[in-house]
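Look at the two complexes coming up: subunit A is in both, with subunit B in one and subunit C in the other.
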Partner chain A sequence: MSRTRTDAGRRTGRAAIGAALLAVILLQLLPFYVALTTALKSRTDLSSQWLLPIGDLFWGNFATAIRDGGILRAIGNSAVVTVAATAIVCVLGALAAYPLARRRTTLNKAVLLGIIGLIMIPPLSILVPLYSMLNRLGAINTYWGIILVMATTQLPLAIFLYSSFMRSLPIAVEEAAVMDGANLLQVLFLVIFPMLKPVTATVVILAGVAIWNDYALSVYVLTDPQVKTIAPAIGAFFSTQSSNLGAAAAASLMGFLPVLVAYLFLQRYFIRGIVAGSER
Partner chain B sequence: MTQASTPAATVAAATGPRAAPRSARLRTRGGGLINLLYLPAVLLFVVFTVYPLLSGVGFSFTDWDGYSPDRAFVALQNYLRLFQDDTFRLVLLNTFGYGIGSTVLQQLLGLALAVALDRPFRGRSAARAIIYLPVLVSPVIMGTMYYLLFQYNQGAFNDIVVLFGGARVAWLSDQTAAVAIIMVVNSLQFVGISMIIYLAGLQAIPTSYYEAAMLDGAGAWQRFTAITLPLLQPAFATSIVLNLIGGLKLFDVIKVMTGGGPGYTTNSVSTLIGVTYFENQSAGYASAMGIVLFIIIAIFTLALNALLNRRRLEQQ
Partner chain C sequence: MRSRSLFVVAGATALVLALVGCGSAPGSSETKSTLEFQTGQSVDSVFLKQLTTITKKFESANPGITVDLRPSTSSYESDIKVRLASGNVPDIWWTHGWSLLRYSKFLVPLQNEAWAKDFNPALAPAMKNSHGQFFAFPVDTDVAGIIYNKDVLAASGVSVASLTTWDAFGRAAEKIAATGIAPITVSGKANGPAGNLADWIASGAYSKSELAELSSGTFVDAPYTHVLDLIAAWKKESLFNPDYVSATSDDMSRALATGKAAFAFSQNTTAGDALQYNPKANLGYFPVPSLTGGKPYLIGGEMNAFGISKTSKHLKDAKAFIAYLAKPANATVLAKAAGSIPGLTNVTPDLGVLQASYDSIVKPGKFPLVPYFDRVYLPNGMWNTMVTTTDSVVTGGHANVAAGVSTMAKDFARLDAQTK
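Then we have the complex of A and B:
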């Protein structure tokens, strides 16, 4: 008797948890769904956002986002900035991490601690001096300006990840290479770097997504539509054309599509990356 | 380090006496020169982070307008003005609301999701993937999509209100509601990070602990409070610090959902810095805000780290 009651109780408990879980999942999908229904309807279609368009799909919003919002151009700019800055983060991050992992002097421990401390600095807290310096250097509205700034914001985490990973590698391999007459650069490029693939996948994902999505600094550094990346392009498009919500929704979906495709193909690495990135 | 030295010693022993001085040279030959490898990275930090931070301190003692060549030293006036500025006081409260509110909500929801998604069932990995998905979306895009939902005329939420016979609500025109909405949007977007951290924490707890507790007759809730919660301590520390820093520097979602309005009432310190610099042309004042924001985040992070690490040590 009591056993059937606990079984029933457990079943209701399970059902309640399942229902709550389903509600959270639907809530997480809701903004994407509403962006889709809004993007696929013309401005004159006043039907509810909850409903998909009846009859033919309307693609005019995507055309407007591309023509007036320069969304394709912005996606191209984001690709340039993300690839270049992420490459800098990987190369400089791995190089910097090696002495910090292998030569644990007081100085190097302090340097590593200082670099990790840089993660705390919010980008907007240095907006005034950073912007005025970039302005003096002629770096406003240039690829190289935003690439260097973005690389700098992502480097501390990359150095931390690389140095933790290198410390977990057995030093014997490097010593064997030295015994065979390899110099420092040969050890680095022929022995160490080939072993860094897993941690590099993590760094590429964390830094790449952060740079692709950046708005807080990009919106001030990039104001020219020719060089503007995707986040500031959507932000600007949204405020200048806020009456045209369909086009804003279409621009949002297009801006997210590249990240979504990467996520679908590399999901395993994404999840592993976020765990590794958070274990500071 | 001990792990690494054992195989090294084995190699040295195996290759005979010749190996010892050679392997010692790995550490000595490079010497300090090996440190040159971190010079490029450090150079970037000095130019784009450390120098701006220091010159920001300098700017904060001036009345600079942001573009003219000259500026006057005004000592601590900008900081004194911050303490008397009602707008800044409100914005500071908003910032704490975004930071602390999001952190609390994300821990509660993230932990609940992790526990619910820890045991295997069909569709579990799809559920995890969907809950995590918004983490990858630019907050600007997330804000735009949520703006559609909360919009006055055609917003999906107002459709529900109307369906139940209510009048349309101007969700984002009310300061309290707008701050709460932005806080919730930020929490939902990044709850996936907390969930993943807690899932990793849960998987590190040996199942034998639960089995032993069940033999002793502990109920589900007792097992949760006596085993799960204490052993998740490191995960709590990680997740809380990450969420708090993210919430305190919130910028993007505010910019697209309310633009800081109505008036200045939904700004965070981050968004107010941009407005003060570019629209009000008070670069000196904006610099002072930046320094205050940096100090707030540093204090929160260091205090929280100290607190959470101490509690972790006590538990061991």
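Then we have the complex of A and C:
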């Protein structure tokens, strides 16, 4: 009898969890649904944003996003910037984190604290000096300029994550490698780096998504449509005098597709990385 | 092993693409001069399309000059501020109402250009300094009142001719509210429409001597209290749209277009946007009543105007381009796209649905045209304070009036001291 009651309790619990998960999924999908209904309607269709268009679907917003907004070019630009900046963040983050994790001197602790402190500086508070410096370097409206800016803004978090992860790795493995005759670089590249896959996945997700979606700095650094990334390109559908929500929604939907595809292919690594990140 | 190879290939591809990107940076040509023109327009706007067409014709006629038209985002104002602060100034930029008061020290005076003889005198108070200099080519003249939906007023039995005082306006709004329509549409989400409420009313709340006090750096708080009290009274009577907090500027246009609102305190671009949602929307505008019992007035000044940077390396080419835009045929097309009264007197106005309001209110010259209150009488930087204090009254009512006035007074003193 009591077992039956326990089973019933379990079933109820599972059903509650299932219902809660379903609610969360619906909540997550809601913005995409509204974006879809907005993107598939013409400006003169004044029906509620919650309703799908009645009758024919309107594809004009997608055409506007591609033709006027240059969204396909922006997706390409975002891909270049995101891949390059994320690669730099991973490599430099891991290299910088290693001595900070292994040599726990007072100075290194202070350096690490200083780096963590950098995470808390709002990017816009350094906008004018940063822009002035980029201007003097000739980095405005260039890929390399925005790649460096994005890599710099994401590095503190990456160094923090890598150093936390490295501290949890057994030092005995490195000692064994040294005993076998490996030098410092060999230990780093052949022993340590292969063990960083889970945290690298976490860094790739956090940094990659932040760079892909960046608007705050990109909108100032990239004003030339030829090099604009996704977020400023979508922002160009809004000005102080007019806006085109339908085309912006269509552009947003196209802009998130590459991320969706990447996630579908790499979700195994992402989930592993997130779990590894949460354990640290 | 395979995944490692993939990683290496992906990394190499990224670096190659990045290098290709570095190599393809714009502006490398030495023989042609390229003018960077920050248009301030959204990428698919009618105005930008017309500007692009005219620019292409200019480039064909002047093969040595390329004009790089840059669309903008809603952070245009900050973008220009950052560029001016860092010395990376575009050759030509949209001055969004500030060619004289904010940007004149960065711009070339244009009063001696050939087209300047046709400068619309109505713009002089807003765009010309005491030496008769002006610093931007005016595409149009901003003349704004209170936008209204004619059908909504007709259905409520309200005659627009009767709206000459704020009492009459309040009574009409209550009548409209009784039919289930939110009379006044305002966006609390956008950084502007709430401030417009106070900006529109304040111009008629101060006497001449009080305005002179403001100009000399003393904040006069009694008239501003009356302004916020009036807004608080509207809040008490539930005359604002119920979705005020979440409503965007776009929602204001939609509400006007669909007859879900009667009034909007906004520039006529809002009416233009409304017509994109409903080309049959029956809209007009009327003069703003005065809080001191004076004559109703229109608010106006500079709207779409383009200035040339003092530090431009292609000054001659930039002037040639602006002169091309100022040709009557081109200026007519641009003013029509902007939906406003032309900024040059030799250009024919084509205001579409707002033509009737123009013909009956503006053309006869019966109503005075006053400048935007914040631009002329408040120190630079007060706009945000104006928006947030009005917002607090629209949401909190009478309880927030005193605090709002006090904040205005403090920020006025602080910002005025900074500008001296």
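Keep this in mind: the second predicted complex is superposed on the first by the 223 of 280 C-alpha atoms of A that agree within 3 Å, B and C clash if a C-alpha of one lies under 4 Å from a C-alpha of the other, contacts with A are read in each partner's own complex, and residues count from 1 in each chain.
In this section, contacts are C-beta pairs under 8 Å (C-beta built on N, C-alpha and C of every residue); 3 or more make two chains touch, one makes a residue touch a chain.
Quick caveat, the model's predicted, so the values are computed rather than measured.
A.B. asks: Give one word, clash or fit, describing how subunit B and subunit C relate on subunit A after superposing.
C.D. replies: clash
A.B. asks: Does subunit B (first) or subunit C (second) touch A:Leu27, or do both, or does neither?
C.D. replies: The first partner, subunit B, only.
A.B. asks: On the A-aligned overlay, A:Val259 touches which partner chain: subunit B = first, subunit C = second, or both, or neither?
C.D. replies: A:Val259 sits against subunit B, while subunit C stays out of touch.
A.B. asks: Should A:Ala96 be classified as contacting the first partner (subunit B), the second (subunit C), both, or neither?
C.D. replies: First partner only, subunit B.
A.B. asks: When the two structures are overlaid on chain A, which partner does A:Leu127 contact: first (subunit B), second (subunit C), both, or neither?
C.D. replies: both
A.B. asks: Should A:Thr106 be classified as contacting the first partner (subunit B), the second (subunit C), both, or neither?
C.D. replies: Neither subunit B nor subunit C is touched by A:Thr106.
A.B. asks: I'd like to know which partner A:Tyr220 touches here: subunit B for first, subunit C for second, both or neither.
C.D. replies: In the superposition, A:Tyr220 touches subunit B and subunit C alike.
A.B. asks: Tell me the contact category for A:Arg167 with respect to subunit B and subunit C: first, second, both or neither.
C.D. replies: The answer is first: A:Arg167 touches subunit B but not subunit C.
A.B. asks: Which of the two partners, first being subunit B and second being subunit C, lies in contact with A:Gln49: first, second, both, or neither?
C.D. replies: In the superposition, A:Gln49 touches subunit B alone.
A.B. asks: As a test of reading the superposition: which chain, subunit B or subunit C, is in touch with more residues of subunit A?
C.D. replies: Of the two chains, more subunit A residues are contacted by B.
A.B. asks: Which partner does A:Phe238 contact after superposing on A: first (subunit B), second (subunit C), both, neither?
C.D. replies: Touch status of A:Phe238: both partners.
A.B. asks: Common interface residues of subunit A with subunit B and subunit C?
C.D. replies: 46, 127-128, 131-132, 219-220, 232, 235, 238-239, 245
A.B. asks: Mind listing the subunit C positions that touch subunit A in their complex?
C.D. replies: 10-11, 13-15, 17-18, 21-22, 24-26, 38, 40-45, 47, 68, 70-79, 82-83, 85-88, 96, 192, 249-250, 254, 257-258, 269, 272-273, 276-279
A.B. asks: Okay, in this complex, where on subunit A does subunit B touch?
C.D. replies: It is residues 17, 20-21, 24-25, 27-32, 34-35, 38, 46, 48-50, 92-93, 95-100, 102-104, 107-108, 111, 115, 118-133, 148-149, 151-152, 155-156, 159, 167-172, 174-176, 178-179, 184, 188, 209, 212-216, 219-220, 230-232, 234-235, 238-239, 245, 248-249, 251-252, 255-256, 259-260, 263, 267, 270-271, 274-275, 278-280 of subunit A that touch subunit B.
A.B. asks: Could you pull out which subunit B residues touch subunit A in their complex?
C.D. replies: Listed in rising order, the residues are 1, 3-5, 7-8, 10-12, 15, 19, 22-23, 25-27, 29-30, 33-35, 37-38, 40-42, 44-45, 47-49, 51-53, 55-56, 58-59, 66, 109, 112-113, 116-117, 127-142, 144-149, 151, 154-156, 159, 188, 193, 196-197, 200, 238-239, 242, 245, 248-249, 251-252, 255-256, 259, 269-271, 273-274, 277-278, 283, 286-287, 290-291, 293-294, 297-298, 301.
A.B. asks: Spell out the residues on subunit A that touch subunit C in their complex, using ranges where they run on.
C.D. replies: Subunit A residues touching subunit C: 43-44, 46, 64, 68-70, 77, 80, 83-84, 87, 127-128, 131-132, 135, 140-144, 147, 219-220, 223-227, 232, 235-245, 247.
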